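Below, each structure is written out as structure tokens.
Look for chain A in each of the two complexes below; its partner is chain B in the first and chain C in the second.
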Partner chain A sequence: MGHERWHALARDLDWEPSYVSERALFPEEIAGSPFRPRADWEGWEEPYKTTFAEYVDMQSAKERSLLAVREAFGSARYFRSLDRSWLSAVKLHGATLALAEFTAVVGNLRAARFGRTSSWRTAACFGALDEIRHTQIPLSFMSELVRHDAQFDWTHRLYHTNNWVSVAARSVFDDLLLASTATELAVGANFVFETGFTNLQFVGLTALADRVGDHLLRSMLASIQTDEARHAQIGRPTLEKLVAHAPDVAQQLVDKWFWRTWLLFSVVTGITMDYLTPIERRTRSFKELVEEWVVEQFIAALDELGLKRPWYWHVFERSLETYHHMIYASAYSYRTTVWFDFALPGPEERAWLRSHYPTSWPSFEPVWDRITELWRATDPGVELAVHGAAIPTFCSLCHLVLAHGSPERNDACHLMHGAERFVFCSEPCRWIFEQEPERYTKTLDIVKRVLAGVAPGNLMEFVRHYSELRHEVWGKDVHAGEYPWLERGAR
Partner chain B sequence: MALRSLAGQKSYWHLLERRRVPTRYEVTTSKLHYYTAHGLSVATPVAAWYDRHQSKSPLVVDDWEHFADPTETTYTSYTESRSERERHVDHVLEAAGSRDASLSEAWAVALDRALVTLRYPRHGLMMAAAYAGSMAPSGRLTVALAFQSADETRHVHRLAERLTALRDARAAHRDGEGRDARRDWLEDPPWQPLRRVVEELLVAYDWGECLVALNVVLKPAIDALVLPVLASRAEREADVVTAQMLASLDKDAAWHRAWTKAFVDTALARRADNRETLERWVDRWTPRVAEAADGVARALDLDGTPAHTSRDAFAAACGLRG
Partner chain C sequence: MVPLYGFVEGDTIGLLVMARADMTVFEIVAKLSDAASARVDPRGPWHLVAKNRVADEDATVGDLELDAFERVDLRRAEGR
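Up next is the complex of A and B:
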């Protein structure tokens, strides 16, 4: 029987409780603020309706086809077929993705309990299942690569460590999924993150994986994207209701989550597209893809909802030109502090970057000139000769390095809260902190951990003991500083 | 290409102690919650909620990683198994055809009211499973509870579809449709004890109490009535379609009990003090659930059936005083 015949009988299952109060059943502190009575949520409607039978039928078919791709490629063959810098992108991806997806399982289950209509809750229940899939696919697939390369161990390990990437990633996923209300996660995760940004990751990156010849990652991402598109739909109807009843809250949540999501995608997707993808496989730049997949669609959605673009839009537009370049240069200089390797952009890569970022790239030339000179002055493999020595400073909100702005002008700013000074990478991060300072003072940034004696101040101690990186795992230059274009004179 | 130094590592860091090749289930379900060790990095009302209702729960073990679902359900195996069950139910429902038209009037009316009303508590059970899953300190419990909450959604969907087919077949007797669908659930006396226990369960916010009340006390009692017992009643009424559909849903419920037994075993084996906590919860919820089960039996005219008397049996089977 076609589900349109009976689905209405399965969707509207809310009732007026009488043995407990509606406020006790949907406490503001976990369901979402401000509390609105049931009547205000009536008419919440997801655009695409799924039945359980359709869900398991479709999903089991997807699982079978992914398994077939995986069997066809086998782990060793897969591993040996790929460019090393692309493999680094796979490691960055797998590690930041797998357990973060599990925080989304928890968030979706919270929405399956505290979402304000039965259809929202049911959609979130399927969402939770999708996110289990997105946790298990990378864990399962990459577990077979650990025997070939110990860096893949971090697919599971990252979030269990105090590595600075983990501190930064936990700060965003805890805020978005583990410790937020059902309403905030519908706006932040379903609307901004999934509707706004994941196309970039799953569509843009899928196309690149295809060009690189990474059939497994391509199939994995494409398959995951079809799930995202379904459960992302929870965001829009929730935001519509929020705009109707609490427009300021709606705007504030959109502004906050667009910024936090932007920084995360710049780091993961930005450096993958513009630095770790082999030059001959690149098509468009990260910035161009963001403009097409994020900015256009996001602005259109905001207009339709009667919301304004975030107040810091001018900062975002500048950020689009520079932020991931700043992050990459900084991370390259501190590559021993992470679990994947980095490629040194050579003349060809730099020409490509110059042509795609004509206004901002010239500022980065001197940075890479310096790094190249340091490699020229030392032997291949002497990583520490081309590496930062002091522990860098991190933002008190996003916990990423203070890398916003440009090489000439860093955007770092600060704020006194009580007697304590907090430093931020950018104005929007400071603004998010200012909205709810008590929310964000709990996690000490890395420098405060060093000052408090929790983390060691010596970089190598910091890498080995605090960040839990062994020499064979920590990040290096993918070619150990040995490039055909980099000539070393007789010394 | 030079391979990175391996030091013999063949699997993820947290699975090396096992000294054998980990199973697919172990690889994909172990240590999935990082926050239970690290704490949450933001101080929000929800973080405080976890502190109150998870960290301060009297139910604790040294390490919940000792729990494992006995059927090692992963996303792949779950979707495979449920799509098979759903295909089977599709065939059953398709075969219904004209059979529904020949059901007795009394049964058709009773079944219509039962199916309409049962959707509400079943949705409540989905919510409770989702809550326990969101709060459980073990990733494996979270996974099992997410699948359980999806099973409850499956159940709601099949109730709605069966209801529609029944009404189609009996187009001349569409009396059920005119009635306010919520009326029995909100007002009919026999349903009220169940509504009360579902509403109270939904605000039992300690994660352990919620899981025990739901899976050790309430579900075994109610599932026994509305699945096998109601199925037998349907069979007696020559309603093979409803009976087979319920039998398929009962397989899901059997899995819920199987992993719950493993959960209770883990709790008791890892810490003796948990017995007192678990039994206190069983004692607290059993009278309310008994009253609810009596009401459901009355509402569905299921008195005197064997499962009705065995409602405490599951707690006892888990080694808890029932």
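Up next is the complex of A and C:
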């Protein structure tokens, strides 16, 4: 049988159920709402098709190639050759990526059962196999490095802790990959997150890793990206059908998931590109990457589908200018609460940031002046003299810190639900909560955990016992506050 | 104690302030500006804005009828 005939027959082998109704076979609660009969899904077609035999051959070749790279770039040599700030970016990506991908296995398996066409379910099967691989690759590669640096242990550990980054990342990934229907998963994960953000992020980050000389990360990301590009295709045909039969639902899901995934994307990729990449290796800012690769392409895709930009687009445009700067300055001053280190931007880095963010950066200069002044007033290594002690506040929806807006005006807003006040980092987070409050009221944010006595209110207790960070692991300044440009003089 | 969400002008993050009902605005200002001092110069003068109004520094949390998780802002007063 020829290749094309096999594809047509094997990947889309559907049938009419005879002893249960179609609605019972694909319940709305797990397949997607509103229920549409099978006829409405006919013609669902992913552009790139593969068979299981082809898939196995292809993946096997990729594994051989990756193992060869790991052999060639031995862990000790790799570890010593890289800039310490960049290693922080590797730790951040490794930890947020690995077990989130495992959650994606579960999501894809749900779609492999409840996707509305056989071809969709087949593609989701391959997606699940991909995500197993994406879990195993970073775990395998980073585990080699634990002997050199205990912070790499958090590649596996992060999601097993109550660290605030873990709480925030679990909130979005559990919501997207475990709590969503097959249809919402296809729109939120495959179309918005993978096509809109991560596919391009992998391309951009792969190029950056290459410039930094990080061959291990480059190869790992490039290998993962090829899988992502294939299974991300599930999103568009699903969205096309949804637009045709339930356009309001399609728009609502796009608006919801663009915002939810944007915040995490901005935190992870924004600070990697604009703060943790050595300045001589930077080619463009995070904002330029997003404008070129995400905004243009995402808007073009929405136009083609007959969808509008999310209603909060003006908020997103401001967010692109400020959010990751707000997060980085905040996280720098609470660095003991995470598992990777931070670089203090010096005159050269600040000039670079000023030139790439001429409108927003001036608002951040006083913050870094203040942090620098505190370092100048203390000795190198005295981390807690340049550190926050008060408990930060968190968004009731995304569970990230309330750091949206600008230093002039924080965007935090609230909503009364019953007798309870919920606080949000931004209007879009409040809007998402308002759409489905019953979905989001049960998870306590960190502040409410502290007040309920579930988490300690003392910062060091919180770091040690609740976030499970030991002194040798928790984040520090990569140079212990000792920079050639930071003169202390006699005190 | 009333947990308040405090935002200091010039800062990048909101902070939790645990306030007693008899605590004055003056004391809240001192507590919040100190809490943000890792990123913002704490020296004033500051105004506390609650319920969209500048609060009198002698007023208490009870006087202002602040609820749990209500937002308060520290804004730099003119002249600094």
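A few points about this structure:
The rule is simple: the second predicted complex is superposed on the first by the 486 of 491 C-alpha atoms of A that agree within 3 Å, B and C clash if a C-alpha of one lies under 4 Å from a C-alpha of the other, contacts with A are read in each partner's own complex, and residues count from 1 in each chain.
Note that a residue touches a chain if its C-beta (ideal position, glycine included) is under 8 Å from a C-beta of that chain, and two chains touch if they have at least 3 such contacts.
These numbers come from a predicted model, not from an experiment.
Three-chain overlay on chain A, with chain B and chain C fitting side by side and no clash. Geometry note, superposition on chain A: angle between chain B and chain C about the Cα centre of chain A is 140 degrees, to the nearest 10.
Look at A:Ala452: by the touch rule set out above, it reaches neither chain B nor chain C.
Of the two partner chains placed around the shared chain by superposition, neither chain B nor chain C is touched by A:Ala39. Touch counts on chain A: comparing chain C and chain B, the chain ahead is B. Of the two partner chains placed around the shared chain by superposition, neither chain B nor chain C is touched by A:Ala419. Of the two partner chains placed by the overlay, only chain C lies in contact with A:Val401; chain B stays clear of it.
Between chain B and chain C, the shortest distance over C-alpha atoms in the superposed arrangement works out to 21 Å. Chain A uses no single residue to touch chain B in one structure and chain C in the other. Chain A contributes residues 1, 3, 5-7, 9-10, 13, 15-20, 24-25, 29-30, 51-53, 56-57, 59-60, 63, 67, 80, 84, 99, 102-103, 105-107, 109-110, 112-113, 118, 121-122, 124-126, 128-129, 132-133, 135-136, 139-140, 143, 146-151, 153, 155-157, 159-160, 167, 170-171, 174-175, 178-181, 438-443, 472-473 to its touches with chain B in the complex.
By the touch criterion stated above, chain C contacts chain A in their complex at residues 3, 5, 7, 9-17, 35-41, 67-71. Listing the residues of chain B that touch chain A in their complex gives 1, 3-7, 9-14, 22, 24, 27-29, 31-35, 37-38, 40-50, 74-76, 78-80, 82-83, 86-87, 89-90, 93, 119-120, 123, 126-128, 130-131, 133-134, 139, 142-143, 145-147, 149-150, 153-154, 156-161, 163-165, 181-182, 185-186, 195-196, 199-200, 202-203. Residues of chain A touching chain C in their complex: 325-327, 329-330, 333, 364, 366-367, 370-371, 374, 386-393, 401-403, 407-408, 410, 412, 414, 421, 423, 447, 450-451.
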